Amino acid sequence: MKFNIPADVPANKVSIYKKNLKEATNGKNRLMLFAGDQKVEHLNNDFYGKDIPLEDNSPEHMFQIASQAKIGVFATQFGLISRYGRDYNNIPYLVKLNSKTNLVPYDEIDPYSKAWLSVGDVVKFAKESGLDIKGVGYTLYLGGAYEHEMLTQAASIVHEAHKNGLLCVLWIYPKGRFVKDEHDGHLIAGAAGVGAALGADFVKLKVPFNKKGKFSSKLLREATMAAGRTGVLCEGGAKIDEKEFLEELYEQIHKGGSRGNGTGRNIHQRPLKEAIKMANAIYAITAEDATVKEALKLLA
Amino acid sequence: MKFNIPADVPANKVSIYKKNLKEATNGKNRLMLFAGDQKVEHLNNDFYGKDIPLEDNSPEHMFQIASQAKIGVFATQFGLISRYGRDYNNIPYLVKLNSKTNLVPYDEIDPYSKAWLSVGDVVKFAKESGLDIKGVGYTLYLGGAYEHEMLTQAASIVHEAHKNGLLCVLWIYPKGRFVKDEHDGHLIAGAAGVGAALGADFVKLKVPFNKKGKFSSKLLREATMAAGRTGVLCEGGAKIDEKEFLEELYEQIHKGGSRGNGTGRNIHQRPLKEAIKMANAIYAITAEDATVKEALKLLA
Amino acid sequence: MKFNIPADVPANKVSIYKKNLKEATNGKNRLMLFAGDQKVEHLNNDFYGKDIPLEDNSPEHMFQIASQAKIGVFATQFGLISRYGRDYNNIPYLVKLNSKTNLVPYDEIDPYSKAWLSVGDVVKFAKESGLDIKGVGYTLYLGGAYEHEMLTQAASIVHEAHKNGLLCVLWIYPKGRFVKDEHDGHLIAGAAGVGAALGADFVKLKVPFNKKGKFSSKLLREATMAAGRTGVLCEGGAKIDEKEFLEELYEQIHKGGSRGNGTGRNIHQRPLKEAIKMANAIYAITAEDATVKEALKLLA
Amino acid sequence: MKFNIPADVPANKVSIYKKNLKEATNGKNRLMLFAGDQKVEHLNNDFYGKDIPLEDNSPEHMFQIASQAKIGVFATQFGLISRYGRDYNNIPYLVKLNSKTNLVPYDEIDPYSKAWLSVGDVVKFAKESGLDIKGVGYTLYLGGAYEHEMLTQAASIVHEAHKNGLLCVLWIYPKGRFVKDEHDGHLIAGAAGVGAALGADFVKLKVPFNKKGKFSSKLLREATMAAGRTGVLCEGGAKIDEKEFLEELYEQIHKGGSRGNGTGRNIHQRPLKEAIKMANAIYAITAEDATVKEALKLLA
Amino acid sequence: MKFNIPADVPANKVSIYKKNLKEATNGKNRLMLFAGDQKVEHLNNDFYGKDIPLEDNSPEHMFQIASQAKIGVFATQFGLISRYGRDYNNIPYLVKLNSKTNLVPYDEIDPYSKAWLSVGDVVKFAKESGLDIKGVGYTLYLGGAYEHEMLTQAASIVHEAHKNGLLCVLWIYPKGRFVKDEHDGHLIAGAAGVGAALGADFVKLKVPFNKKGKFSSKLLREATMAAGRTGVLCEGGAKIDEKEFLEELYEQIHKGGSRGNGTGRNIHQRPLKEAIKMANAIYAITAEDATVKEALKLLA
């Protein structure tokens, strides 16, 4: 497979960029991103409560999954990587550079999530610690009073990542009082285009819904085409039935044109063994060209 | 033709500045700017929908046009140039440094669009990538709470561009709750004067309307004179009939004193071949001294 | 005992980090933090008034206690350390980098407490002065308009501390108009998780209350587990009966899983000799594995 | 005449500072400032309309006047100097560092006009271009939410100018919803004192009015005395009759103690020849000790 | 007398710090600060009007007093020192780094007064000019939306001053809509404690009033004790009878525990000779251990 190398990856970083992209996507150019940034984004809601196994309450649960399952990258905050990295140094990491809590409603204060550390900090950390850091991530909210700050940070982070041979994934969500329907397909395609204009390698987007509130691969196509050479990752969302999840994932990729997914709760809200299997199934469809049937076998 | 070299272009950059200006204007000192920054400014509205060919939904459509048609410069965001530049390295680029979405109404939050990257980033990128980057662009909104930030950024960007021998185009729009009529000729002339005070090479402005809401070349004259040595580019606007478009363009230049145009939708919202022809026709009038009749022949 | 060394402590700082952690926790990995930052946080309320001995009104009172009692670290502002440090150079210090007054209600202006100085300033100061500075502290308010600034500062301070072999303690409090119950156990567990995501060595948290408004070690367990490898310190709060205080402290550690406490008023609002005894009793339970009974003997 | 050299002009810049001050004031320590920053401050209102000659609409008109008339300095924005400087290199320039438009009413959003470029940029530009730049200017609005930013910028600009041997003129205007009468003499004297505290060489102020709304030299005396060693320049204002203008100017200087004037519209809103004569007449009174009668002869 | 040397004064600056402190306090560790920053803080109100001698309207009046009277330091803005310093080089100066005007009511916009220049600027200026600059000053408002910015600036300025061997005086005033009584003794003691936590050498505070609105030395004791090793300077306030002023000053020091005073209007609102005598009398009580009787003789 021929990979698209952004022109802002300098000559002496092209091989490391290619290596990162190839390894993260299993040479298929599709990314299975294990999303583990919810400890800030949703506080403890995703980790403790009814129908969630107690072991998920410890951050180490996610590291155990990421370490034992097949994944593209494990996306989480710097501090967690720092505290567990020495013991889990076989994980391909993606450092999620910003996060905010869910305490403030989006229509009360326009959302602003600022990068905690710089790409340069991450690059130095990777070198010093020897950890396998394949890229960085950043969430961008469109539509509020801080959009200009976030667009500027996003553009700078993508460029700095490329200059260092790292991948950059953007989470792009139109949000707030001026956004009526976050699952509107045309709006999501707009977000995809913003990701392309920012030069991101991948954008993680909401899934478009049709008028009945169901996922529509046709609507997704508008977004994946608008994204151009930037790959679209569909958001995993709240935990649902495994089969339903895998079927939709397959459809997203093969009918909707997505190039991967970002899944958290549907993986880590299971006991360790089940979580590993689910991750492997998702990985199979995303990065190993498996059918749903083949993937379901992995859950057995 | 003798070109006006700004005094802040240093001696060792005068020849590259001259080259950039001469090539971008075909030696005529008039600029045909192919505007391709709408993926952020208008999200996906300009690229997907009724009466828009499906191929326009892919960002590559614009690169194909820019690569195959005659244009002065192709103005788009850094990230898109980065993702497509290696495959489209014959295009004369102008990096549009800032962009904002259309999600927030101008009268709800005063508009602020911040530079995503610095001129220095662009200069390094041009050198490293070998791409033909002739200049930078920046949109400036007058009349709101962030006017001071944007004026400062604009002034700095013009000066940094000149120090590096690059052209700078400013998009200048009075906007927001204190601006009643964006097509008022006297107001547009004011915006033109701001562009001159900032030292821009070109300013892209709204087109002045008379009381009947029609373009008026007489009103435009106030602006083009007020702009002094800064060239006025008229905004292309929504897609209209080709002949009407070319006639107005001709009048803008030859009666209104404009020195070019910035056109996006009227070009890219067509299938590739037609889009190329339309770009060539616009270029002919702008930069090849063609008549409307001659230009229309290019559409055949 | 094996200590968890964060991966962002560079190789040449691991030994000093270990030394700081070991000494501050008496080799038990539990921290008795003597909190002395209230002169700003509560102005003079905690130091002068009914039932407070007059000597507490002088800042020197706290230095005398910290110098003569057994403590893990004495946490106070840089300026106080600067003015008393030459005469009290046997104290293990933790520089509290930010503080705000209590003049503005949390629901009137969203709280923002900014770092007064940088970790670099502290590192240089420690070297120049020879004082025993074991770490830095920072208060983070979640839930308001400045959350993004404070998260970014917190992340940066933790990382800078680690890069220099220093400990970092975060005080994390959800606050303001969007927070209904600061003693809600699930919310506190969320704050604990944020501390973990930031990579803090310790987080100082509010104590969770059950529906009757009483401390619950069961609720605390959610937080201490969610904090992962970051140790939870329970807030000391307003002065209460010694026995009650020590019993709750014991329960926090041995039933709730906390790894220490941050106590101010319950120590310094006593005459010097009594204050020293109380500090020693708290230290005994926290860092010397003492029972409540053993600790109470120290008060005699 | 002995000039007051500020103590922050370093020893190796004293001679250039003296030269700038002496030349700009014709050795009389009084400054005739030709104000040409209105293209931003008033948009196109001062340059196009009833009773304004068409030629004033081109920025070049001001450069022609400044080049052919006697003036102290021509104050205008960097960008205009950059675009016309190579052709008008005999003009003594003062770079007006900040400007804002008049689109936002002062009582709707507190005024903030930020420096577009730094003094360092100007110093490098002067050296590189060889232009005769004698100083810099900055407008400071007192009385609003951004007063602190503007005071800090003003102080820094004055100091940086002096460190480089340049003059600094401050335009100081109390403005906005908390200012009832901008022509109140006591308030203007306050503004004069602020200019002195900032160390400015000259402050351009509104003219004080008595209760009948007329200029009062007695009221002006309070301000010129309060300004100490900082010279007061009276604002020129809207265009009025020549004789009336010159008589008031004479009275400002000889009765009110002002040390010059800043005049724009009363000069450039005339055809070139008349404009040059008017400038010469103003210069004669300001910097050549002429009587009104002598000055009026120059208009013939 | 043994002076308290802050631990952040580096070894190679201890002797200059001691010299500055000793000279400024006449070896008595009490500071007579001649306050001359009102030209910005109160505009021209303190310098021109009924019962104020005309000569006070010129800034030079204060320099003449400071030059001829006995004072600890003369605190005024950098710009004034810059304009008069060459002619008044025998004055011990304290550069007041920030100031704001009184145009905006404290309950309309939360007060923010930003440092005009850095301590580094002052250090370079002192070296270059040879002027006797003993320290810097900064006003800190507690209780508003900008408290965090001002606390950070204050902490940084104290630390930078000490690193350079300079004194730092903080003016600390709780202000604004959340502060009901600026003369409340407990609140003032809180401000004193903030000054101590910031490490200031001296804090200038409001004078505490009892329920009858009169100064109370007993209330002042709470503040001077809370300030610890930071000396409290009482604000001079509006001009009152000499004897009354000196008696209160004596009581502040000998009963209230203050370590000096900051006086402006009670000195400069007198003709030169009287002003010098009053300054000398204040100095005698503050820094020469004089009785009120002895001080009153100096006024004869």
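Letters A, B, C, D and E name the chains as they come in the text, with residue numbers starting at 1 for each one.
One rule holds for everything that comes next: a contact is a pair of C-beta atoms (placed from the backbone, for glycine too) under 8 Å apart; a residue touches a chain by one contact, two chains touch by 3 or more.
By chain, UniProt protein names: A, B, C, D, E = fructose-bisphosphate aldolase.
Computed from a predicted model, the values in this text were never measured in an experiment.
Graph distance from chain C to chain D, where chains that touch are one step apart, equals 2.
Among the remaining chains, those touching chain A as well as chain D are B. In this structure chain A contacts its sequence twin chain B using mostly different residue numbers, the overlap staying below half. Think of chain A turning onto chain E: fitted on CA atoms, that turn is 145 degrees, to the nearest 5. Spacing of chain D relative to chain E, judged by their CA centroids, is 35 angstrom. Note: centroid distance chain B to chain C, computed from Cα atoms, is 57 Å. Taken as a graph of touching chains, this assembly forms a single closed ring in which every chain touches exactly two others. Following neighbour contacts from chain A out to chain C and onward until the ring closes gives A, C, E, D, B.
Residue ranges of chain D in contact with chain B, taken from their complex: 37, 39-40, 43-45, 47-48, 54, 57-60, 76-86, 98-101, 103-105, 108-109, 112-117, 121, 125, 128-129, 131. Residue ranges of chain D in contact with chain E, taken from their complex: 4-8, 10-11, 142-145, 147-149, 151-152, 154-156, 158-159, 162, 174, 178-179, 186-187, 189-194, 196-200, 222, 225-226, 228-230.
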